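Structure, as structure tokens:
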Amino acid sequence: MAANINNHMLESILEQVRPLLGQGKVADYIPALASVDGNKLGIAICTVDGQRFQAGDATERFSIQSISKVLSLVAAMRQYDEDEIWQRVGKDPSGQPFNSLLQLEIEQGKPRNPFINAGALVVCDMLQSRLSAPRQRMLEIVRQLCGVADIAYDATVARSEFEHSARNAAIAWLMKSFGNFHNDVSTVLQNYFHYCALRMNCVELASTFLFLADQGRAPHLSTAVVTPLQARQINALMATSGMYQNAGEFAWRVGLPAKSGVGGGIVAIVPHEMAIAVWSPELDATGNSLAGIAVLEQLSQRLGRSVY
Amino acid sequence: MAANINNHMLESILEQVRPLLGQGKVADYIPALASVDGNKLGIAICTVDGQRFQAGDATERFSIQSISKVLSLVAAMRQYDEDEIWQRVGKDPSGQPFNSLLQLEIEQGKPRNPFINAGALVVCDMLQSRLSAPRQRMLEIVRQLCGVADIAYDATVARSEFEHSARNAAIAWLMKSFGNFHNDVSTVLQNYFHYCALRMNCVELASTFLFLADQGRAPHLSTAVVTPLQARQINALMATSGMYQNAGEFAWRVGLPAKSGVGGGIVAIVPHEMAIAVWSPELDATGNSLAGIAVLEQLSQRLGRSVY
Amino acid sequence: MAANINNHMLESILEQVRPLLGQGKVADYIPALASVDGNKLGIAICTVDGQRFQAGDATERFSIQSISKVLSLVAAMRQYDEDEIWQRVGKDPSGQPFNSLLQLEIEQGKPRNPFINAGALVVCDMLQSRLSAPRQRMLEIVRQLCGVADIAYDATVARSEFEHSARNAAIAWLMKSFGNFHNDVSTVLQNYFHYCALRMNCVELASTFLFLADQGRAPHLSTAVVTPLQARQINALMATSGMYQNAGEFAWRVGLPAKSGVGGGIVAIVPHEMAIAVWSPELDATGNSLAGIAVLEQLSQRLGRSVY
Amino acid sequence: MAANINNHMLESILEQVRPLLGQGKVADYIPALASVDGNKLGIAICTVDGQRFQAGDATERFSIQSISKVLSLVAAMRQYDEDEIWQRVGKDPSGQPFNSLLQLEIEQGKPRNPFINAGALVVCDMLQSRLSAPRQRMLEIVRQLCGVADIAYDATVARSEFEHSARNAAIAWLMKSFGNFHNDVSTVLQNYFHYCALRMNCVELASTFLFLADQGRAPHLSTAVVTPLQARQINALMATSGMYQNAGEFAWRVGLPAKSGVGGGIVAIVPHEMAIAVWSPELDATGNSLAGIAVLEQLSQRLGRSVY
């Protein structure tokens, strides 16, 4: 099915996009992110029929940041009934920056979706309520999905995030004031920042997220990660809310369910076919990897794989 | 490809969904819409390989309302270069009710997307600038796409809308104050309300929108309606902004690009396969057909045709 | 009572403030205002015991703009019962720019107070409903209050305002959509812009507004303009909402009920003592006369006449 | 000067207003406030020439709540230069509920004025930076101003407030995210809630706030509390922002600088004449004492003492 993909083609796409490097801006709200080399550019693909492709800096680990919001949602969907989750967080695009409190106040503490900060914090609050060691458990899940034993948190990034956590603390406390946050704010923020501080490379990310392309199944695991319906639902959520305020523009240009992080990573899914991970640290104005989107746009065009 | 669809299956879905009738609310902001029978329920499907299916009230015409926003966008994409359009209207979900002025004021008169009222009004303003008789031209386009000669505006609905047009007039004047509306407000509102007042039935709608499923081609037309890329882009826009504030929930449940109208119609696209039109006049809280969504959810599940 | 006021003192205040000229910005949203000489600076005072003082450009007429909002409110208070007015417009500070639609949409078309544009437009709508020739009637009222027969509208300014009226039209239409605007939008806007286009000088303004300092009585009129209670209430409204978003800062610095206009005029009241009018066309960031406020601050300090 | 005031007159006003009891709602967000008897009604007046008047429950202590915001501002004005304070908090009405985060996010963490929660929290943060024991210091200030040695914090109320402090914590953290909050959030909240939990009666409040009526001087103290200019400025701030969202309506009805608290107390100032304290625990929709405002309205009318 992916007959026309090969490493050479991926390299050619990277070369085509490379002139964009220098036009974006590496996230600089914490020193640990600001020091990343803006020239990095990598891509990896895992297909449901077992092929692996890669090009550029595909094996260099980076901070996955908000890409982890998908993983924490998956963890919550395995611990909670559907109703328990969706009465506390919505499924619709927010139309607001990812860390805004405006809408959250108007809508009385129920975040629009699990991929904005407020929504991810509610999900982390739910995990804290049900898991005995949520940070350790997340590591186990990711290592298992990825099949790589040494995936780890970047303690420096996590600590630095926590030291700059005022905005997220405000979000958590606001939700608490509406009864939609149950655990200690500081504890949950620590978990949240650790998840964001997971270090993974493109190959590991593509491998980890392959189950979303394959109806919830990870090839090397005996039990399904999620059901086929849940995989489809998570993809739907990524398609409408995975790229911060830019979901519509991204659908227009690329047309794939995807989730980005301010570390410059983006994971995209071609349902029934493949998981793609790209990395380029420089961000556009909405916080998405500028060159990363361009790589996905090229790839989607060459493969003819927009879902629309 | 659509081997498992047949009229009996569609009838069975309608029966399954019919108990929902009575739980929504027919649009009542103008008398001409308020008087519609809330028990109507119909569906029609046109496939790219020429098959036609239908069930229920599929041949009874109704007011297509905001579904027309796709048609006016298509008309504009045929008259304007891409840049000319998208500097005046965005492509991202609004996260706000379809007729809100809040975001429009903050974002200085540039609407988030062409499927909220503000965006559609900008598109109509663009058509007024380039077409000599925009109302007549739209009729020609629709009749041609649909292959039905007697498609017409419902003059009563159009007049009634115009008499209750204060909110849309406020939107247009606000855009004018930011320089993003060029023609006479009243004239453009008249066009806009006529487009909304198009009367079509499910069979006609499915037929009209088939080009979006078939890479821009309408089977009976010698020239493409839009390019394959444009068809994909319009579908992407419907997927992220076609269901008012409910794009995420709809993607989660149904997983198809779609556009709804307060007349109770919804058009949905299965790319490369078929166009679907459903009709049930009672609306949910966000203004989408309550039973219509349920019909599409059933159909998507039975066919396994979510795009995600 | 005003023993320590004299023209020399006023001249000395003007000299002290004159260095501020050049630091503000003349209103430039219409050509007719943009062409005003920014170096103008004048002040006039009328006391309840019949004294008159003046300095600088006190006899040069300018566009009174929003100062007219007090006059239209007075006209409405003479035509309507209290309840009829205050169910359609509030009495509290808006905390928003004078021409914002945000709050108006959230609060369903009821403006916060009669001194923001929305509130003044509702008042003008009320006058249109009750007066046979509202524009002529306003001229009569002002000429009578002022005792000057040739007070007139500046037709060029009124026309120019109307040509740039999109924002105010949006406000009026939004209120109409909530049922809080009854007459033809265009007609009421014309009235509103004519009131704003009244040309008066500082001497005439101080004379016109003296009734607010004298419990509703104008010295040369046999009947009261408003009741003592109403005079007190209008002063209260000016104190909390008369200086756009700057009511608190102005109360802190000056401490007098006042109403400003983007023509650079400000009328201030020392209850039971005097009416003051200042003029300096350059505005600060909130749209108030920059040097005008400074003049009033000096005067208030020298006289010890803050009401607080 | 206050020749026409006497205790009998105050009692007569209380009787006139008493029928309003039952129409408001005692604050119930913490149990310690919810249990207060809604039928309490008291008033006390201290004049600058040394007279004392009182009626009703004037000697029963209650939780002064937001009235303390004036005291903390006074404390800050004695510790900081003017510029240091007003670069961190504004002076203008907010037009928003007292505990809203909306405006605070839009205006990047600078509260509109020191009498909304956000502004008072910034002031408390400033006190924490400069005072070695801010809670003890505030007690000393109040006891000194009041001349009563046993004024104390209600520990139950303070603790209960702290347990329900999520909203205020969100506000503080949001300001911290903008760099406008320097100390430990929890510590400052504790101070803030203790100030709110001061228990005082009407007689003590009128006595404490007399300096604002007397140009900054407290009769029994050898040094001025604040300068005459500062007293005037604080009164101005109360006049424009002291009654939550209701500043305009209160100025219209009563016409005096005033500050209310959700414990049902209101302190009002007649500049150069007297300080007034009223207490009635039932609140109106904006959080001000319903009967308390009515008492002040009656008093203002009978005395003819509106400042406007």
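General observations
Which chain is which? They are A, B, C and D, in the order written, and residues in each are numbered from 1.
One rule holds in what follows: contacts are C-beta pairs under 8 Å (C-beta built on N, C-alpha and C of every residue); 3 or more make two chains touch, one makes a residue touch a chain.
Protein identities per chain, from UniProt: A, B, C, D = Glutaminase.
All values derive from a computational prediction rather than experimental measurement.
Note on connectivity: the fewest steps through touching chains from chain B to chain C is 1.
Note: the chain lying farthest from chain A is C, by mean C-alpha position.
The chain pair from A-D, C-D or A-B that repeats the B-C interface, sharing more than half of its contact pairs by residue number, is A-D.
Rounded to a whole number, the gap between the C-alpha centres of chain C and chain D is 32 angstrom.
Chain A and chain D have Cα centroids lying 48 Å from one another.
As a whole-number value, the distance joining the C-alpha centres of chain B and chain D reads 55 Å.
Contact between chains, as defined at the top, is found for A-B, A-D, B-C, C-D. Of all residues in chain C, those touching chain B in their complex are 100-102, 105-106, 166-167, 169-174, 176-177, 181, 185.
Residues of chain B touching chain A in their complex: 90-96, 103, 112-113, 232-233, 235-237, 239-241, 245-249, 251-252, 255, 257, 269, 271, 306-308.
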